[in-house]
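Think of it as A, B, C and D in the order they're written, each chain with its own count starting at 1.
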Amino acid sequence: MHPGIIFLGVVVGSVLFHIFTPWWWTDIASNWGAMDDTINLTFWIGGGVFILVCLFMVYCVFMFSYKEGRKVEYKPEDHKLEKILTIATTLGVVALLAPGLIVYNNYINTPKNALQVEVNAWQWGWQYRLPGEDGILGTAQVTKITDDNPFGINLDDPNGKDDILIEDDVLHLKTDRPVKILLRSLDVLHNYYVPQFRAKMDAIPGIITYYWFEPNKIGEYEVLCAEYCGVGHYAMRAKVIVESEGSYKKWIKEQETFSDLIAKKEKDKLNITLIVKNND
Amino acid sequence: MSDNSLNNLPKGFKGMSHDMGSDQTAFKGVQWGKVMMWIFLLSDTFVFSCFLISYMKGRTSTVVDWPNTSEVFSLHVGGMPVPLLLIAIMTFVLITSSGTMALAVKYGYEKNRKMCGWLILATAIGGLTFVGMQVFEWSKLIHEGVRPWENPFGAKQFGSFFFMITGFHGTHVSIGVIFLFIYARKVFRGDFDEGKRGFFTTMKSDYVAIEILGLYWHFVDLVWVFIFAFFYLW
Amino acid sequence: MSDEHNPQNTPIEAQSSETTSGTSGTPSKDIDYVRPAELPEQDLYHGHSFITKWIFCQDAKVIGVQYFLTAVFTGIVGLVLSWLMRLQLGYPDLVPFITAEHYYQFVTMHGMIMVVYFLTALFLGGFGNYLIPLMVGARDMVFPYVNMVSFWMFFIAVCVLMASFFVPGGPTGAGWTLYPPQAILPGTPGSNMGIILMLVSLSLFVIGFTMGGLNYIITILQARTRGMTLMRMPLTIWGIFTATALAMLAFPALLVSCIMMTLDKMLETSFFMPAILQAGEVLDYGGGSPVLFQHLFWFFGHPEVYIVALPAFGIVSDLISVHARKNIFGYRMMVWAIVGIGGLSFFVWAHHMYVSGMNPWFGFFFATTTLIIAVPTALKVYNWIITLFRANIRMNTVMLFCLGFIVTFVNGGITGIFLGNVAVDIPLSDTYFVIAHFHMVMGIAPLMVIMGAVYHWFPLVTGRMLSEKLGKWHFWFTFLGAYSIYFPMHYLGFIGVPRRYFEMYDSPYVASAIGLNEFITIAALIVGFSQLIFIYNIVSSLSIGKPAGKNPWKANSLEWLTPEVPPAHGNWGEKLPVIYRWPYDFNVPGAKEDYITQTTPPSKVISAEVEKT
Amino acid sequence: MDETQKKEQATTHKIGIYLWIWGLLFLLSFFSYMVDWFAFQGFLRWTLILIFMFLKAGLIMAFFMHLYWERYALVNVLLWPMTAIVGFIILMAAEAKYTVFTRLLYFFIGG
């Protein structure tokens, strides 16, 4: 069999695989449809180039296989052709880059009305902190984390007092409201990634990173850690529940604020001292 | 390679395109060993640049105060703190040794064996003095409680970067000193006049080696210029 | 006129650049005139005992083979590790001893071995050492002794790396990128001796490689033979040269990050370590920046990609040209593309870090520079396929590997555009799409070139041909198998399967991917085992292969024109060769044969209408 | 090569030039020390430090390391790669500013 046929088969096979593949991205559940569009655009342009280049190669293989005494072209350079190819490639690249940069510009500029959610990541689990009534998260530091202060909130920061603490890996989100995810890592690198939301960003100890998205489909989504973080990396999952305004409000009411927690701990301490005293 | 022929070549950028377009060598009249040292130094420049860039990143992004270097590195003379006195002397010593090295190269090419040898020895002594003062500086800081992992005056990274960067530079100086002594011996023995073969490489000795050694030594001085500006004066 | 080096006459001015731009402008009336040697003959050390001839040898050709064999050995280790990983992914409970710890150790060692100890060492240490002196017409590398030390440093680095398999805690499992903080914290396998040995081994590799790299660069720049201008060098040499230059400037960043991480581990400095809370305790670190490590690492890491790719580009250009019996199209553009890609590669590193939490504004800069680099790369691809157009293509094993390279490289290059464009990268980064992309573009594509190159140069090294029949079987297994591993793997990434997952459990995304994973595993095993054909071919051809004779491929470049085949120490016998043309004069109109070697003087082929020399 | 040719080599120069450069280096080092002595701050300090630094580095490279007398091919090959370093410096300076910004914002100041 002529090798060209197999190469042709590879190209045709690739295209068919792409068309009929059962493996494709998950249904999008956020506002980042533009990312899917840029991927599709890259597929069209890139795939076109792939097919053209490979088909040209296969054509050459068929047409110019070795034959004694075949007349071979001797043309070391062709400036006109090279110029055309350079310009065409540059145009293609610009066509891919420009939309990409526009989408990225949206990605790094968070809308003003975004709800802030701080995600705490550690080896190997998640917890969340939401701003209270004031809409502002209190400052926090890893070094201030104690049993009484699981998020390391600065005690002298008034903004932190009403922060809602969720010591659980299930996060509830309102549908159709932008969310700004602030990522804080307590130990190593992590990444809060929900495939359906498309967006992702690493959590890095020592700084706070962020990204935003707007969930627009009610449902439950699995969160994956997408940055290698040690042996338990693959098991570091969490859950996001996107729900309607009403059930979200109900959920958030049930959560504990930082001042609740302080009060509770004080009470516990008091009880302990009382027990100790009673025992004396 | 005689100088005459080099002078007949085009100069400047025209000369560059000529050299690059010619056969055999791209750097006309530059010996292999010298090119090797230059390219090595280029690579080493990247090493030191990466160190200094990391230092810049570390220092700028720390939220703990960086110690005031002119106080930390001051010496008390008659009860009065003189900022950066030791560093100034070290700089002075290193530049002095750089100058003697430059002259050693010159005398080497003039085949002035004695002058060349003594100047190399002087350079080596200068280098040794520098390393000695660095040891003094390190022990002073260690005495004051600065460690690679901690720093009583402020940001932890101060100690880490200080010991790492000056240590790496000091290692370069020490290696240079060792080679200076070896080459001083070789010069006095007359290896370069006779073209004696090297012990390891079995290649013939040549006075170019002194210039190559000089390049290395000036590079060490050059790095110090940057460390002085960025570490001590910032 | 004396051609030999003579310090009394003034050799440099005797010929200037005019002669290099075309035969017509030769100042001398003699059209065969090439100016005399600038430099005296190289002083070589000839080994006499077995040890100085074959072990501590100063002959670049032997050192090249030593590098090649050592690198192939590490490559086989890496291959076996990849099987173990694939077994775990395809059939999670099949092999009981693969725990999560082991899996991550395999991932790490596989990655590091393949990128640094296999591909880099093979292309630059192996092919570079063997081909550079031969192709530029030098007797040997300029510093044979340093060259020997370079290999032994590499050898020690490999030993240290392999030793880490046997220390308590095993090798590091930090991922080949060795990102701190996890690389040196207890949550990662091998975070004690393993990571230290890895960092030491890398530092030794860098030191050893610097010695070799100085040799390659200076041999190419300063020790070419008479008539060999830079623009007459084969593209193989251009690729290796640029890659070496990149290595000399990029490895320092790796060295620095290794030193700093070693200090972080051993002295508890805080270069990369911020305040960390582990197991309820705040560690003694504070104020460092993990992102700094990533910047340093990728400042090395991206040029490293091209350190692997550029020699492959160069070699494949030569192979295509020789076996298509046609000059390479757009030689000058090819050279400038290689140099341009090399230069640009220092300004694109952070496209590996789009979701790393660096300054978000960097995304714009790095996406732009990354897509700019796509232009010269695409031009190289066009030039390869245009070279095939109206050629006379020998469909032998070497050419098949070249075609396989073009298909896989174009595929991987285009998925690279996905990942370089920041908005597209965000959903795809850290998924199997990335794995598939870089295996296709810097795993399979360079491997195609390596294998093609082995089939091409084996006759030169050993004097015997490899079996064509076995070679073709080897090619089809390798190419089709590897393609069917990595092409479908991209689609795992679309589903959202993250990389470095020991097991997916019952995530809804992967239920559909189980079958695909099994298929990929089987394909990987087949491809791996089909390399036995290759090994058998090599071993058996050493004794029963058809004797190659001189220049079996009818190539033009210098390495085939040595007086003895395989070339002896000193390469050229009595007199160094003299070069009159570029190495791509195939099927020149008016010439009697379909090739004109580089050493053929113009007067011998008066009738040939050579356009370029 | 005989003795006369050696003398004309590009690598041998009059002793005066070395002494001059030597003196200048001392002077410049003294100046940069004075920057600290007089405790100049801010923009002025940085300008002076950098000017003296680059002058010193330039003198050492140009005259002590003979780069001034080398042909442009070598000079360019050595200096162009520095653009990569310059790019790295600029980007890392921006990165450091960003790091300290987020640290202050989220760890200490808030808002």
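Everything below uses one rule, namely that a contact is a pair of C-beta atoms (placed from the backbone, for glycine too) under 8 Å apart; a residue touches a chain by one contact, two chains touch by 3 or more.
For clarity, every value in this text was computed on a predicted model and none was experimentally measured.
Asks: Can you work out the whole-Å distance between the CA centroids of chain A and chain D?
Replies: 43
Asks: Based only on mean CA positions, could you tell me how far chain A sits from chain B in angstrom?
Replies: Result: the chain centres lie 47 Å from each other.
Asks: At what distance in angstrom does the C-alpha mean of chain D lie from that of chain C?
Replies: 35
Asks: Averaging only over C-alpha atoms, locate the centres of chain A and chain C and give their separation in whole Å.
Replies: Here the centre of chain C sits 33 Å away from the centre of chain A.
Asks: Show the residues in chain C shared as contacts by 2 or more other chains, in ascending order.
Replies: In chain C, residues 7, 249, 286-289, 291-292, 295, 299, 361 touch at least two other chains, as defined above.
Asks: Touching two or more other chains, which residues of chain A qualify?
Replies: As it turns out, chain A has residues touching two or more other chains at 141, 206-207, 209.
Asks: Quick check on chain B: which residues sit in contact with 2+ other chains?
Replies: In chain B, residues 2, 4, 6, 9, 20, 26-30, 35, 42, 46, 49-50, 57, 61-63 touch at least two other chains, as defined above.
Asks: Which word fits how the chains touch one another: line, ring, star, complete or other?
Replies: other
Asks: For this structure, enumerate the chain pairs that meet the touch criterion.
Replies: A-C, A-D, B-C, B-D, C-D
Asks: Can you list the residues on chain D that touch chain C in the complex?
Replies: 1, 81, 84, 87-88, 91-92, 94-95, 97-99
Asks: Would you mind writing out the residues of chain B in touch with chain C in their complex?
Replies: 1-2, 4-6, 8-10, 17-18, 20-30, 32, 35-36, 39-40, 42-44, 46-47, 49-51, 54, 57-58, 61-64, 148-149, 155-157, 159-161, 164, 168, 200-204
Asks: Would you mind writing out the residues of chain D in touch with chain A in their complex?
Replies: Listed in rising order, the residues of chain D that touch chain A are 99, 102-103, 105-111.
Asks: Which part of chain C faces chain A closely enough to touch in the complex?
Replies: Residues of chain C touching chain A: 100-101, 104, 173-175, 179, 181-182, 185, 187-189, 274-278, 282, 286-291, 324-327, 329-333, 355-357, 360-361, 363-364, 367-368, 371-372, 374-375, 378-379, 381-382, 385-386, 388-395, 400, 403, 406-407, 410-411, 414-415, 417-418, 421-424, 426-431, 476, 480, 483, 487-488, 491-492, 494-496, 498-505, 507-509, 512-513, 516, 584, 586-589, 594, 609, 611-612.
Asks: Can you list the residues on chain A that touch chain C in the complex?
Replies: 2-3, 6-7, 10-11, 14, 17, 21-26, 32, 34-36, 38-39, 42, 46-47, 49-50, 53-54, 56-57, 60-61, 64-67, 70, 72-78, 81-82, 85-86, 89-90, 93, 96-97, 99-105, 107-108, 122-124, 141-143, 145, 183, 186-189, 191, 193, 195-196, 198-207, 209, 222, 224-235, 237
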